[in-house]
Every structure is written in C-alpha cells, then in structure tokens.
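Here it is, the structure in full.
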C-alpha cells in the first residue's frame, strides 16, 4: 500500500532524529566509558578498563546495592499496594472506572519535581508529620525524617505507584469476571479465588508494572536528591555527581552503562513475555 | 448479454496462505451474482481484487472489456459496500454519500442533485445531516448503498451486506436490494456465507471453498445438481453415502455400499460413470414409512428412527441405516399429529432413481 | 461496585489519599501566612503576589512555555506522520524500530540527560534553548507516536479502503479520512507533550545553558537555597496547571473511543 509523501518524509526524519539524538548518545555512553580522564576534567581518548574496575569499589558497591534494594522493595510494595486498587478499577462500573483512571493518570504525568518537593514539606524537622506527631503527644522531640532510607523509599513508592497500577488494570480487565464466578461456583473462598485464579492470571500485569516501576526507581535522581540528600546516595545521584560535580565523564559513563545494561536486559526479558509483545 | 466482469486464472496469496487459487469467472452485465462460501474460503478476497483494493499475484481481471488488473481502485468503474459499512464516522450522511463525487471533482450543484436523488432512492430523505453513529443498522446499510451507487458504478460489490442485520430487517433488505438493482441496472456481485440469502437473491451463484471455485450456476442448478459432495454439504441438508459404481446405463447407475443393498440413482452426463462415487439424496425427497409401499420406488433401505424433530410445518426424522450412518428425512405435516413414527421404530426409506444423484468423490477442479 | 471486598475498597481509598494528600498539603501551605514551619498563621495570597513581581520567575515561565511549544509542535509534525507510517508498514515485522520508538519513554531520564550532554559538548553545540528543545523532542516524539498509534489501531482499515474505493488518492485519504479521525488523539498528544515538556526537570537540568532557565530548574535552585513560602506557591501553580493539561489531554483521548481504556494505558 502506498503512503502519502508527507508520511514517508516524517518517518524518515523521525528516524534520523532519534538516531542522532537517541541512539548515538546511548552508544557514546559506552564509548566514553572506555576512555580516560584527561587534564582539568576533559576527556582523553585512551582506551582503559579502569572505569569498570572502579565499579568494584566498596563505596560504589554500597550505592549500587542500595539502588537495587530500594528499586526492588519499591516494586514489591507498589505491587502489594497497587493490586487492590487495580482490581477495584478493573471491576468498577464504567463511570467509576473513568473517574478512577483519570485520578491515577493525573499524578502519573504531573510535575515530578514538585510532587516530590511536597514530601520535603511533610518530612522536614518542622514539617507536617513531626508537628502532627508532637501535637498528638507521640513524640517529644522532632524526629529527623528527611534524608533517611524511609523518606527516599516513601518518595519512590509515591512517584512510581501509578506505573504499577495502570498495567495491572489492563491485565485484570482481560480476565473475564466469569472466571471468578466459576471459581466461586467450584467452592473457592474469596481468598482461594484470588490465590488460584486472579493473581496467576494477572501475572502479565505484574511483570509489565514491575519493570515500569523498577527501571525508573533504579535510575531515580530527583527523589534521592531531594529526600535522601548527600547521605542516601543512589545511582542517579552518583551519576549526576560524576558528570556535574567531579567532572569525571568516563567513570560517570561506566556507571551509566551499568544502569543502561540492566534496563535493556529487563526490557528484553519483558519483550519475551506475551504481554510485552501485544502492547509494545 | 455481454460480460461485465471477467477473472482469468486469478491467484492471490497472503504469505503462505493461498487465499484465491486460480479462479476464473465471468459475470454477465446486469446480473445479480453471489459468491457463497464458508469464512476463509477466499470470497472476500475475490471482491477486493475486483475493487482493486488488493492486486492479484497472477491472472487478469477485465471489467467492461478493459483489462484493469493493475489499475488503482479509483480508476475502476466499481464501488463497494463494506461488511460493516465503513461509513466515515466524522462525516454526515450527506458528506459520506457525496465523498466519491467530490473525489472525482464534480461540481457542487451536481453533487447536491445526485446525492439528493440517491438518498431518495434509498428512502433516507431528511437524514442528510445525521452522523452515522446516530443511525440504526438498517439506515447505515442504506447510506452505504447510496454512497456506492451514487457514483453510478458498472459493478456494485457487496461484502456480506446483510450479515449485521437482524432476521426481520434482513428479509426487508433482501427485497430492497432486488428493487435497487432493477432501478440502477448495475451488475451486483455479493459475497455471503448465508446459503438461503444467496439462493433467494441471485441470478447465479458461485460456490467457493479453500480459495477454489467449486461450482457456478443458477440457484436451482446448485441445489439440484451439485458437482461434488462439498457443494452438496454446503447448500441445504443432504444425505450422503459413498460407494462404487457397478453398472451404468441410460444416465442411471447402480451403486454398491458396504453393509447395504445396492441403490440406483441418476448419473449426470458430465459426472462419473465408474469407480468411487458419493450418492446424495435431499431429505425432502425421501419417503419414510413403517411399511414398504409398492408404488414405483426404485430404492428401499431399512432404517430405525433415531430422533424426531418437530419444526412447526414439517417433521425432520433422524434415522440410522444398517451401516450406522445417520440420514435425515423431511416429512410435511398433513394432520395435527407431531411425530407419527416413534423413536426406535423400524422404518423403510424409499426413493425413485431420478431423486438421487451420484457425485464424484474426487471432483476435477473447475 | 458489586462483590469487591471491603478491604480492597479501603485500601484503594488509602492509596488515593497517599497520592493526593501531599499535593493538597502543598497547595494549602501556599496560602499560609507563616514564613516558617507549618503552623497556620492565617490565609494569604502574598506569596502569589511575590511570584508575579519576581522578574526571574516571569523569565523562566516564558522560557518554559516557549520550549514546550516548539518541542511539542515539532514532535507533532514528525510524530503523526511517523505513527501513520509505522502502522501502515505493520506487515513487516520491525521489533527494533518499535523498540527504539518506546525506549526513550522507559529508560531512566538521567541516562538521556548525560548522554545528550556529552554529545552536545563533544560536538561543540552551545547549551541553551536549542539543546533543551532537542532533549525534549527525544521523549515528546515517541510520546506522540505511541498515542497516535494507539488510536490508529482502533480505526477500521475498511475506512481507508472505502475512501480508496470511492476514488480518493493517498493524499486525499490522509487529509480527509485519516487525519480528521485522528484529531482527538493529536490534541491529546499535543497537550500531554506540552505538559511533559513544561514539567521536565532531569533532561533539562543536564542540557540547559546560561540564560535558558526553565521553571522546574528555577524551582530546583530555589529549593537548594532554602525552603520559602514562594516555592510552595510556585509549586502549587505548576501542579495545578499540569493537572489541568493532563486532564484535558485525557478527555481528548477518550472522546469517541468509548469502551476502551487502553489508548491511554499502553
């Protein structure tokens, strides 16, 4: 079938654009990660594996470990908290579903920086939470809640929860309510029905949602920066520091490439599940 | 009569699937021609090839003595009514019908007149400004017809035109289609999987199966003289029995079956005269009774009533032959009595030689 | 809602509160007269007045709007055609192309930021409006393509066949059938792209130059110097504006696609 000329033209230009400003930059990360650091923060094109050896540094290792731990924990909590909501949304009446969808969609796209900043107001020493707890007499002294593991973790769950809910809704909607009724008809209790019917059939949603939460959590920058400060560094904040503060591009690139490799691997694994194929 | 559409050795493949397999067909001008077949038989592809929406891999397509095989859809004097009508949802009824004329660059005053006339013809005056979504199924069907016919096509292609309508509307639209055809005097080529629709509407019917053309003929020919058991199975109910010809004489042949006494049936001149055949008898041609009648039936087979289905104006018996085959026999109801013969009762099936037909078991392709 | 366990409904309510309470607190605080802490010292709009008086905030706003308009506009021009082209050629399996098309939306933004920074610096492209616009287009273009493709998939191919059968050329099919039917999706993509560009912090943070400060960058630098009521006011404005844009975008995408939530989910 022949397409109109403008269609071909935009296809071509979009291809060139993404090639130049997406694929080439990603390849450049790999290239620079093998280069050496030059004088005054510049680059020297001398091949070395030193940047990758530095990834084994215990300090860097701690940050890697914390990032993976936080991302994994965030994913699990998002799945546990998100599933009941997703189920309600999938099984709600048309109007309710539209309303709930829009309510979940809005934070999905609204200003991430500002939404994270809102948690600074909550967690600060003179913030909402401390004031509230002291008024209730549960605390004598303000607790330092900002820049802790807890504040970073809450921020991550808050930021990426919608990524889990939306694929889950899609997955649950595809499960015919008749299957639930059939399970009840065959003497399943509510709990047994969920365990044996709904949860296994929702697996594609968990996988897609899991990847969509895990990936950005792993590379998060705003959340650990605003809620973790210098103490609770994650991969994102470390990469930013290498590029903008230490000006060590090769090492920053090696870190970035490590992150990118993880992401691509996960994405590849997702692509092999049926869910990834038909919803691209 | 001259030929309106000719297909000559047309082949179309979709990847590994041969959708249309060497189909040759000629359709007369002004004919109501139906292509009948189960889904996946390639009938819609034939329609799309005539419309120019798909290109054949092999073969030629001729419309009005002109080879159009490599012409674009807009270069062909052909229009189509799509299966789910494909009305443009963002355009009013008027704009939908006017679309083809606009594309041809007709003057607005002419378009106004032609669309008005056509909407009157399909009885949709006063609905010009409606959007397709605001119309009933029957009305959408009429818009689709008007949108195609307003271009004065030599050939109108209809893809399952009545499939989306309920039973009552369907019967109404069948009459409507015949009326429209008389008024616009175009060739109508209609694709359907409903055999009753094809038999009722058409001057001639083509039966397709697995991309191949099995038979072309008038509805009566197709029903009375199917060329193969596949066609016989697809059109109406039929009782089939495979066997071997033992004798052939004066257009009649004697066929032997395992476990049954031999039967004598018609052997058409172009049909088989020896070897393996399939015998076909329509259920309404069988005479069923508890006793053997003596008045002039050539064949008699004993059987047992297996089931009796009451249909209102007739009774359909399912009977089991000696070789365990289940046959059906249709008996009109004459008295206020449901099933005169009871389940389990031994009966005799009888028919005259010319009511049955011997069909080739492995028919030669057309 | 029948047969949904009560515990699920309660859980859902808590999740909704969790999602919205911080935003509500933020907006509430922006009207608090107190300069320090959260104690309520009366209702005031003075922080908003201060914002309006601040020329640097006006500058940042203009910069942000300019960048969002240009990057969204360019992404639309390229993206709509690309989406149509990709759907048309779906016969050929192009998993790589499809993957490149969605990858910018799923890799951590920081990777895009540092990668673009290195390309621009190594190619000696001065950091500024141009580089920010390019950066935003890298995610706006795939966003447009994803939204428009989702809509295209729902369009019955028979519509284009019907148009061709009625004598339309490829150009006519595009302008009279395909584009008009895509209009809601195009508006939806435009609004969403505009919002995402307006809100983007990470990529902008890496590829911005002197004189091209956007609103999120401005907020970030204000947070770093110390938390003030003006930040609350500015943040409240930004959150409300982007919520309105997202809501509108969503309504556009839902229009005439009743019965499916997947257009916005995938």
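We call the chains A, B and C, going by the order they appear; numbering starts again at 1 in every chain.
Simple rule for what comes next: a contact is a pair of C-beta atoms (placed from the backbone, for glycine too) under 8 Å apart; a residue touches a chain by one contact, two chains touch by 3 or more.
Being a predicted model, the structure only gives us computed values, none of them experimental.
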Hey, how would you classify the chain contact layout here, line, ring, star, complete or other?
-> line
Highest contact count belongs to chain pair A-C
Centrality ranking, top chain (CA atoms only) = C
Roughly how many whole angstrom separate the Cα centroids of subunit B and subunit C?
-> 55
So, what's the distance in Å between the C-alpha centres of subunit B and subunit A?
-> 58
Approximately how many whole Å separate the CA-defined centres of subunit A and subunit C?
-> 17
Multi-chain contact residues (two or more partners), subunit C | none
The answer for subunit C against subunit B in the complex is residues 156, 158-159, 161-169, 172, 176-177, 180-181, 183, 256
Any idea which subunit A residues touch subunit C in the complex?
-> 1-11, 13-15, 17-18, 21-26, 28-29, 32, 43, 81-82, 84-85, 87-89, 91-93, 96-98, 100-115, 117-122, 124, 126-128, 131, 158, 161-162, 165-167, 169-170, 173, 190, 211-212, 215-216, 218-222, 226, 236, 239-240, 243-244, 249, 252-253, 256, 259-260, 263, 267, 271, 279-280
For subunit B, which residues are in contact with subunit C within the complex?
-> 48, 51-53, 72-74, 78-80, 82-84, 86-90, 99-100, 103-104, 147-148, 151
Show which residues of subunit C lie in contact with subunit A when the two form their complex.
-> 1, 3-5, 7-9, 11-12, 15-16, 18-20, 22-23, 25-26, 29, 36-39, 77-82, 84-86, 88, 95, 97-104, 106-112, 114-119, 122, 134-135, 137-138, 141-142, 145, 170-171, 173-174, 192, 195-196, 199, 201-202, 206, 216, 219-220, 223, 227, 231-232, 235, 238-239, 242-243, 246-247, 250, 254, 261-262, 264-266
